[in-house]
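Per-chain residue numbering starts at 1, and chain names A, B, C, D and E are given in the order in which the chains are listed.
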């Protein structure tokens, strides 16, 4: 029962995060969407670990890796935001489209 | 379990205390001249809320990457005595790698106000 | 009943005063505030009594009114001309206020600084994200940054003449980006103070307060020696260099009982590029006698 | 109790995209993380749960700083919507939720709770130093790379001078919008540092900055075009 | 048992706040007794600034105070008897530290006024890196205990206190304490050079709530220091809680004293000092503690 609740909550978080990541114009808000999705993933991992598969340490390590991914994503993401803003005073994803060239 | 309960109880108690302390004692209301931000008699041109230029921004990026190492260090501390020299060597290597990043950042001057 | 008890307890505390210092009276006020019966607070928000010392010149009246209106209710103004001992009167006043006595009404009109008509889909009064004057004030706009080229918002404001960490009377118009001063202009020079305000002890005490040593500041102002450690080393070397001496050197001079330099610094060129705390250290490393001759920026001086 | 925490996590996760103030948005996200951490603690994942709170508090603080620094109208004084392709995103989000929930509800979930006597943190430590040693050290290298990358990208004052130097000024036309300009040939932002070699190649860089600033106001107005209304 | 411990926690916080206020008065040499000063704030009105963020303004002192309470709850009042007897006690305390930064930031952000805003950002710049030495110090203390629980750390000091075994720990932790309680050399939030910084727009009851939370955090951080470095409730004759109270009061006095006698430097310089001197020092501390624990 607990696992079902937790997984439903996790999928809701992932859904909201996906909505945010797709709909937000701003680069930083987009990152919030990503973080929210990872939050859902974290919840699901913890749920499985504790209720489903009898608590192997590998799943804990996976949760740590998810958090490390968040940290890396944030550090590099914000560094990009700074670099882009410094160059063109823009922080909006649409205006980054032209960056491909 | 207790942790969650204690946290919730603490917040509720603090909430109660703050309502007790901040109960409006003098309901004269706040007028526009009273609400203006304090500048010693001076006036601002704009709202204070702004795209604030946080001068240590590069440092914060180095910091969140470096801080991740804490996640690995806590479990390491628990098994340290059990694993002995191996644990010391592995964490020494890990911290050594990360220290390179700090040295690099220091050399690039990220620990100053930009 | 309970309120009476609380009021009695409060009345036994030192009276919280915010000081607005006029010309010629700075040293007297600072001496007065060494008294344990007074609590000289850093902001009118924490005060109950507005202590107006000396004759405030006409050009500073409006600012005085502004500060007055920022004191929360119940509040009272207390005027002091520098003669006699105002302490008993201040204590009485505070006892009244603690018991919820009479309060003074605002001196300035109760209207937002700008018209705010509340048009737009959300009532923000303008078009787009940054348009309009929400709540009666415009929003900050981007400007070039002298340090790292990140053109974020700049905040322009006039400080003074009654900022506690600036000499009384000095009005600075500063533009800040983050806490770095982008430009600074002197709009009004500090009020003239007689020589006693520039006594080395008092000057050193002002600076010690800034670096978080109020206890030592009191002690030095009373003529005793400084006890805190690292007081000089904490001030960055080479900060505010003027006449071959930096801020640290000037503080060291005061602590040794010497008076500072006489030539007034050009604040408008000295301050830009400094962080807020550095700028405050620089300004306070000059004595009131020196700063009284500070050059006023040309524009609408 | 877990239900309450999970519901709170979802609610505050939703608030992230509803509130106007960037500070509120960041800390709503933090509240969501804290609730997830709390749920973790209740599910005997004490270390991971509490560490989530610990790490995320710091990360969301940094997040708030950057959100405020780079978003227009950071405090939401002018309330407005900053979304594009709203319907599509809504649909995608709802689809993801429904799909995942359907999978959860239909799948035969395993049911093997953690034995109460498990020494959770101890096991994790052994795992870290033993079988997963390589993962652990790789993470160290990754974090190092992140630190270096973040410094290279974000700091202006490199060893070889300012990051603006040598990079060609963006082709800013009169009254042109800074956002959505034709990109310059020198490539993406990540070339910044490499560009340091050609010192002083372009003196115009400085004057261009001034222009970008002049158009700041237009830029803000422009950004509102994504408003679906 | 739980109720008794909860009661002990509340009593410790209340008593500690009073003692802290009294220490402030004694050490600073001026100012009223704690009750009078509190009453002087309580009888005055407070001000609502221009378009503030009311919710966050309200939340800041509440969060600060609640964090102090949660942080104190992991400290054992008697050997093995903490309110929250968690295997990850020092991680819980670390979370409280991290969230404290947010409470202070919110306090400065919410009034929409320049001095509080600058104070909030300056504080964040300093307090974030201070987290690192704090965590290293606590992890070093966890090494000989082979556990992250504060009870186990206390237990590991039966023979010799950590303050002797790991001499760098307490000074580093006092620095953390100064940062968390906005004091003296680490007070970049409420400093005098910004007319009171994050508190510049606050008076009356709101200010009182903030000051109480600040003192409560002082109690909390001192209790943790007492448990980690001074053996917490361990001691002869007297019962555990009494020992803990004595030691906590001693650390409080130490922090208050350090707060009034060390000079504050500029934030930019302090940032450099933390990364280039304090952080290597804490590495060294951890290394020594590790070798000794083997």
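Keep in mind that, in the parts below, a residue touches a chain if its C-beta (ideal position, glycine included) is under 8 Å from a C-beta of that chain, and two chains touch if they have at least 3 such contacts.
The chain lineup, named per UniProt: A = NADH-quinone oxidoreductase subunit K; B = NADH-quinone oxidoreductase subunit; D = NADH-quinone oxidoreductase subunit J; E = NADH dehydrogenase subunit H.
Keep in mind the model is a prediction, meaning the values are calculated, not measured.
Common neighbours of chain A and chain E under the contact rule above are B, C, D. Seen from the Cα centre of chain A, the chain whose own Cα centre is farthest off is C.
Seen from the C-alpha centroid of chain D, the farthest chain centroid is that of C. Across the structure, the highest number of inter-chain C-beta contacts is found for A-D.
Centre-to-centre spacing of chain B and chain C amounts to 29 Å, using the average Cα coordinate of each chain. Between the CA-based centres of chain B and chain D the separation comes to 17 Å, rounded to the whole angstrom. Between the CA-based centres of chain A and chain B the separation comes to 20 Å, rounded to the whole angstrom. Listed for chain B are residues 3, 7, 25-26, 28, 32, 34, 36, 38-40, 44, 47-55, 57-58, 60-68, 70-72, 74, 77-80, 82, 102, 105, 113-114, each touching two or more other chains. Contact of a single residue of chain E with at least two other chains is seen at positions 42-47, 50-51, 86, 88, 91-92, 94, 109, 112, 114-115, 121, 124, 128, 131, 148, 195, 200-201, 204, 267-268.
Residue positions of chain D touching 2 or more other chains: 46-47, 50-51, 54-55, 58-59, 62, 65-66, 69-72, 75, 77, 82, 120-121, 124, 126, 128, 139, 143, 146-147, 150-151, 154, 156-157, 163-164, 212-213, 216, 223.
Here, these are the chain pairs in contact: A-B, A-C, A-D, B-C, B-D, B-E, C-D, C-E, D-E. Of all residues in chain E, only 27-32, 35-37, 39-40, 42-47, 50-51, 114-115, 118, 121-122, 184-185, 187, 191-196, 199-204, 207, 260-269 touch chain C in the complex they form. Residues 21, 23-24, 27, 30, 46-47, 50-51, 53-54, 57-58, 60-62, 64-65, 75, 77, 119-121 of chain D are the ones touching chain E in the complex.
Only residues 1, 3-4, 7, 47, 49-54, 57-58, 60-72, 74-80, 82-83, 86-87, 90, 93-94, 97-98, 100-102, 104-105, 107-110, 114 of chain B touch chain D when the two sit together in their complex. Chain B makes touch with chain E in their complex at residues 2-3, 6-7, 9-11, 13-15, 17-18, 21-26, 28, 30, 32, 34-40, 44, 47-49, 52, 54-56, 59-60, 63, 66-67, 70, 73-74, 77-82, 84-85, 88, 91-92, 95, 99, 102, 105-106, 111-113. On the side of chain D, the complex with chain C involves touching residues 69-70, 72-73, 77-80, 82, 156-157, 162-164, 209-210, 212-213, 216-217, 220-221, 223-224, 229.
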